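In order of appearance the chains are A, B and C, and numbering begins at 1 in each one.
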Amino acid sequence: MRLDFSLNCPRPLEGERVRLAHGGGGRAMQGLLEKVFFPAFPSPATGLRHDASVLDFSGPRLAFTTDSYVVRPYFFPGGDIGSLAVHGTVNDLAMAGARPLYLSCGFILEEGLPLEDLHRIVDSMARAADQAGVAVVTGDTKVVDRGKGDGIYLNTAGVGLVEPGVCWHPGQVQPRDAVLVSGDLGRHGMAIMACREGLELETRLESDSAPLWGLVEALIREGLAVRCLRDLTRGGLTSALVEIAEAAGVRITLEEGAVPVSDEVRGACELLGLDPFAVANEGRLVAFVAPEDASRALRLMQEHPMGQGAARIGQVESGPASGVAVRTCLGTLRPLDMLSGEQLPRIC
Amino acid sequence: MKYLDEYRDPETARRYVQAIRRCVTRPWTLMEVCGGQTHAIVRYGLDRLLPEEVTLLHGPGCPVCVTPIERIDQAVHLAGLPEVILCSFGDMLRVPGSVRDLLEARAAGGDVRVVYSPLDALALARRHPDRQVVFFAVGFETTAPANALAVAMARRQGLENFSLLVSHVLVPPAIEALLSSPRNRVQGFLAAGHVCTITGYREYEPLARRYRVPFVVTGFEPLDLLQGILMCLHQLEEGRSEVENQYSRSVSAEGNPQARRLLDEVFEVVPRRWRGLGEIPASGLDLRAGWREFDATSRFGLVDHPRKDVGECRAGEVLAGVLSPVDCPAFGVRCTPESPLGAPMVSGEGACAAYYRYRRLEEVT
Amino acid sequence: MCLAVPGQLLEIRGEDLERSGRVRFGGVVREVSLACLPEARVDDYVLVHAGMAISRLDADEAEQVFRFLEEIGLADPEVEAAPIGGQTRGGGA
């Protein structure tokens, strides 16, 4: 009987549909990756679960990544879907220590999209690519029926060359490593949320969408003992740290008061009952650095235009179990866990 | 932010914790009846600061947790109608109905939107005159005035495409139901500061006298909660059972007179089923006869089929404070925040979800 | 239940049921109904739940949490004897 509440499995896979939570950067998305995608594409590179795969051609090492962009609205304060599609993919390459070189771009356009909007988006992409030092060298365009898309979706793939000697991934993270973040959190997610219908917030908040390769390159030039970088996207700081803690089998302790959050993001999060640590970013990274190099790495980040708000927010410890704990302003510890899906405003 | 940051001061918190330790001479069991307070207790780890004599129970204070299954099924049904835009507070979207939740209704093509306020839903109705906008009006006494205002404004603006699916609940009758149960373990209550901001606290005085339990109207920041707990323990240690007001910066004895008048004009007190607790007399609010035109159940001809809380979920015992979530056989095994069997595991404020995270903490720290 | 957040009232418009105000919360501003708070004035701090101001915060009462321990004689004697580092507000030490 369909109406019976299934006791052991209230969410059977059979008949299940894709939900928004599956794209939210939390547990539901992890589940989808693990159940559907990883088994189908079992390359050693997916095994590392990093932002880009590093491919060895017995010569220079090539980093390769791809990402799709479905942001709504496609023009938002501080950017648009075009600049975002460049920054996102460039940043994924940068996290593997790769200098971004070439991008492809697939455009999925909805019938009826104003050409003027497309022009603005493409111009913005070109400017972003220029700023990030990459070239868009191949592409494809498809048009879908009206009502089958939100105006425009983009997919970009990117290749870059891994800098010699760089081998960053979660497996390198060790107890006592310092955890640094390159700036204040949550601007992208809250800027997008504030301009959606139904929440009606007045704010000057802009997305933090930005290319991070310059900052990463500075860290490499300085020869600092970086263990792992991760750009903070959907799921925010929380998802990034939980993934790394679990992959590395370590415990990470965060100092809540040390994590930078702007007044705008803070106010919007208090009002809507959201956790700024789990809100999306598009121009922030978290860096795991050996303790002896942590202060230099922090200073270097703060001197770089993309890392002015950088802060040291916690450290890696060897724990009985892997995971992330936050030391609150009262000195107590609370666990930080990935959300199951998208973060929703709450009333209680 | 003013009026938030100063109430998170660690030094004052430390002094309150010391005062609590000095005050307590034997075991006491307190209950907070507010999801927002549960959230703050978990978020700041306050329960870990208290001496072991003090047990804090998380009562039926999460409005999404106590909304009956049949109401969620009705919301899911409405979301499936092509003319309907179903608006809801965000935390209602993940609560399982008997077949699906509102997120799944959205995935199946329903137009389900998250709003911050019922007034935002009203604005949507003005912008979409060709659609029917239904707001899923859940919540306690705190939330009901905003919903009453939304229908009052809809009438004034002549909006015919706005309605409420009402599932409002009232706190004092639920507390009385807990207190009158022979299995009751609760010795003192933290009354919810934001509910009392609307209603005042006179209604708690007969309860305090009849059942000889102290009530302390308490706020939501760490210092508020620590002070509320201390005041409640102090009463218990001295053998008093009075209604005291910790949250005096917002709460007066009579509450907010305009909000109460608005409530009384639009809503009437009715019996209400609580998920997990069953029907409690005079424990809900529904639109008065003169406002039926804004009632989604009559506008869409919905029938109320009270549904049993089926399955393995023992939310009722958890919400009544007689079963600790960790003692439920399904807890953490067949029931997790990713696949909840019942509402208290869904909402971040639900008692089971709070314990689930607490157990994660034991593993991590 | 009932997340309610304090914010500062910047501007008031409208009458009666339609009376509303712009309220600042940290760095964001939102339009809020003042239908249930006719006494609210510009610069007041109000508590807002689900888009409606439900109370005006009383500045004197807001300090009582910092005086309470001394008033009921449960303050820590050692803490009273030695000045506390960091921030203290209201009475105390």
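Here, a residue touches a chain if its C-beta (ideal position, glycine included) is under 8 Å from a C-beta of that chain, and two chains touch if they have at least 3 such contacts.
All values derive from a computational prediction rather than experimental measurement.
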Between A-C and A-B, the pair joined by more C-beta contacts
A-B
Using C-alpha centres only, name the chain that sits farthest from chain B.
A
Between chain B and chain C, what distance separates the C-alpha centroids? Give it in angstrom.
22
Express in whole angstrom the distance between the two chain centres, defined as the mean CA positions of chain A and chain B.
34
Approximate Å spacing (C-alpha centroids) for the pair chain A, chain C
36
Quick one: which residues in chain B touch 2 or more of the other chains?
1, 4, 10, 34-36, 61-63, 89, 116, 120, 139, 143, 349
Where in chain C do residues touch at least two different other chains?
1-3, 5, 25-26, 30, 49-50
What positions in chain A touch 2 or more of the other chains?
200, 263, 266-267, 270-271, 273, 346-348
Looking at the complex, which residues from chain C come into contact with chain A?
1-3, 5, 7, 22, 24-31, 48-50
Of chain A, residues touching chain B in the complex
2-5, 7-11, 17-21, 27-28, 31, 197-200, 251, 263, 266-267, 270-273, 319-325, 328-335, 337, 340-341, 344-348
Residues of chain C that touch chain B when the two form their complex:
1-6, 8, 17-18, 25-26, 30, 33, 35-38, 45, 47, 49-52, 54-55, 57-59, 61-62, 64-66, 68-69, 72, 74-76, 79, 84-89, 92
Listed in rising order, the residues of chain B that touch chain C in the complex are 1-4, 6-7, 9-12, 15-16, 18-19, 22-23, 34-36, 61-63, 89, 116-120, 139-140, 142-143, 145-146, 149, 152-153, 156, 192, 194-195, 197-198, 220, 223-224, 227, 230, 234, 246, 248-251, 256, 258-259, 262, 349
What residues on chain B touch chain A, complex-wise?
1, 4, 8, 10, 13, 34-36, 39, 42-46, 48-49, 61-64, 87, 89-91, 93-94, 96, 98-99, 103-104, 106-108, 113-116, 120-121, 123-124, 139, 143, 222, 310-312, 334, 337-341, 347-349, 357-358, 360-361, 363-365
